[in-house]
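Next come the structures, one after another.
Both complexes below contain subunit A, partnered by subunit B and then by subunit C.
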Partner chain A sequence: MMRFVSGLVGTRPVGIRLAVTGLATAALTLGAAQIVQASEAPNPPADLKAFQAFFKDKFPKLKREDFVNGPYSMDEGLYRQWKEKEEFPPYEFALDKGKELFGKPFRNGKTFADCFPNKGIGIRQNYPYFDEKQGKVVTLELAVNQCLESNGEQPYSYVKDDMAAVTAYMAFTSRGKPFDIKIPNDPRALAAYNNGKRFFYARRGQLNFSCASCHVQSPGERIRAEVLAPALGILNAMPIYRSQWGGMGTISRRFTSCNSQVRSVPLKPQDEEYRDLEYYLSYVSNGLPISGPGARP
Partner chain B sequence: MRALIPALVVAFVATTVAPAIAAGEADYKAAYAAADTANKEAARLRNQWTTAVKALAASKKAAEAGDFDKAVASAKLAEELSKASIHQSHEQATAWKDMEIR
Partner chain C sequence: MASTIRVRARSSGDTTEVQALIQHPMDSGFVKNSKGQLIPPHFIQEVVFEHGGKKIFVADWGPAVSKDPYLKFAFKGGKKGDDLKISWTDNKGASDQLTAKIQ
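Showing the complex of A and B:
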């Protein structure tokens, strides 16, 4: 076979031989590059399908929408406790405060309703989104502070208090609506998505944990006294009242405290990595209903 | 034999007496600078460990109290932890894909 090919090429002038060899090498290189690119290029729809299938296989008895109840969906006793707690939910005060803040006019007479589509009601399921003008992922928390600042108001702390209250109210108006996160055909959006995915799976801190170590490998297992929540639907209940915190906390609070727990110095709330992580985690939970605000042990 | 005796004396001093000599401010400054450089690199990689930062702060505090032995020990610990976090960052730049749900 080799002799046949050599003989065939050998019948051509040297210039043509070189050209043929060059083209063949180029074609092989290009082909290989395309294969590598195809296998490594972000493919959000395929990720979503694989992600949801993984949890369905791991917990075959659980309904898809139940994953949004976090640890309560993993443990029957906890589930009963939670049902009782929901009669007088601990986030109720935050909800009332959030409603009040949401409707209270800024000093210029405008309100939060002026900053959001549909006047901010029933839109939680669309956040975060990739803002092509800003060239970055915009979370609901970031949008709330951008609204405040553009109206001459002081931004809220990202981790609790007023931010948790306003986002709790906004989530409440979206309860039952399925996450509907879009990834536009923009390489920057895909890069942000991939950056969030990388952050989710990369190990950090002295304990050498990734987000996935707890929320993919071990949901339903205990870490100390806590039952770990599955990554699927983990943001649908945010913000949450956490007994461990003795109060409300936002997604920013959850991310920064998770990082601290594995002995990694947390990044600043709403830093690019955290916004991208929220983008990835929300996208792979597309189709699951918003259940926030929530309560957790 | 005459040459061996001084060599043995030097070896004895180096292995037993020298470590017992208390660290000075210069030792602390060198150890702290090395730890600080490693910790800044970990910060640049956005992967500092809380334990490294605490050890670095403990080193400074001990030096301010005049306890240079403790200051040097804490600085060395901070440097080791920071180097481990740097290694983790480089390793995880590609290793994260091993955990991915596909």
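Showing the complex of A and C:
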């Protein structure tokens, strides 16, 4: 594990190659093979059980709901800083803006409330869902833009600003509600789930990392000055205010920036593969409470 | 438009703890945008906290202070229900102010 982390900060190509070898060995010894069962038929409930059991074994002291607090539940110093920060959270401005945008009527007089079940309040835990009519995974961010477009408004940028503000407000009204992602009895839904899972474990980029390399094998480890967040519950805190970004970011922003950090070319925000990834990653966090909007270093 | 200032002032014993968050770009003037042009300097120069007509905290800020700055301090003499006035002025002459009650 140490070889993996030190290889990452090394700059010479030799160091990187060594790190990759180290990583492969680590994967075997950690028993991550238990989770990666790509060759077998997709079985989401079994995946969910294995995924959550893996994290429970890895962090026996943590309660299930602690995972939604990401790196803060892995590092005592960070935890104390975060508690202090939550007294005066940096996402407050975005939250207020989101509330304002959410209630503001469109030019045709309708509002976001007309597009969503239960007027858009307390529904974050049901997204993403598989829309059998559209035949694809619909994330909350996609649904927000679909709502804007169907009402003749300009869609938001997927990565920050207004999109982050509106989804922050919608997450805030859903705080504490457990993720409840359903996979309908539709082969297309299962295929989307499986595609997301494949993406999660597939290596990419010049550094040859998969999402799982950092967020399954190494949560709690340092990557330079940062503490890596566990994949379990990672989406529950979205959208987030990242001090590193100096602002709010959505799930789209997190996916694209993660992909560029491993030196691969990121897909377009809300690309089919990213939506499938969000579907998979949300499903395996079923039962964990929504804690967004969050703040991260 | 909502205020650019968020403040929380809590009195306990004889001290009052004040926390404030101000929404401001705080551009230093040394950063370039995606087209390679300099973003002109735009930062808060003075922040003033007043209590009972007296300035209790004055900060002279410059371009080195972060975006959306946060500050925290404590002072003696505040009571629950007292007014606390916060104001800032930036290098372009813009300003904002807010009066909050001490809790």
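Assume the second predicted complex is superposed on the first by the 258 of 297 C-alpha atoms of A that agree within 3 Å, B and C clash if a C-alpha of one lies under 4 Å from a C-alpha of the other, contacts with A are read in each partner's own complex, and residues count from 1 in each chain.
By our rule, contacts are C-beta pairs under 8 Å (C-beta built on N, C-alpha and C of every residue); 3 or more make two chains touch, one makes a residue touch a chain.
Treat the numbers as computed from the prediction; the structure is a model and nothing was measured.
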Based on the superposed arrangement around subunit A, label subunit B with subunit C as either clash or fit.
fit
After superposing on the shared chain, does subunit C or subunit B touch more subunit A residues?
B
Could you tell me if A:96 is touching subunit B, subunit C, both of them or neither one (first, second, both, neither)?
second
Can A:222 be said to touch subunit B (first), subunit C (second), both, or neither?
neither
Kindly classify A:87 by the partners it touches after superposition: subunit B alone (first), subunit C alone (second), both, or neither?
second
Can A:198 be said to touch subunit B (first), subunit C (second), both, or neither?
first
Using the superposition on chain A described above, determine whether A:263 touches subunit B (first), subunit C (second), both, or neither.
first
Smallest distance from any CA atom of subunit C to any CA atom of subunit B, in Å, after fitting:
17
Which residues of subunit C touch subunit A in the complex?
2, 6, 8, 19, 21, 23, 66-68, 70
Residues of subunit A that touch subunit C when the two form their complex
87-88, 90, 92-93, 96-97, 100, 246-247
Which residues of subunit B touch subunit A in the complex?
43, 46-51, 53, 81, 84-85, 88, 92, 95-97, 99-102
Contact set on subunit A toward subunit B in their complex
47, 50-51, 54, 197-198, 201-206, 208, 210, 212-213, 216, 260, 263-265, 267, 273
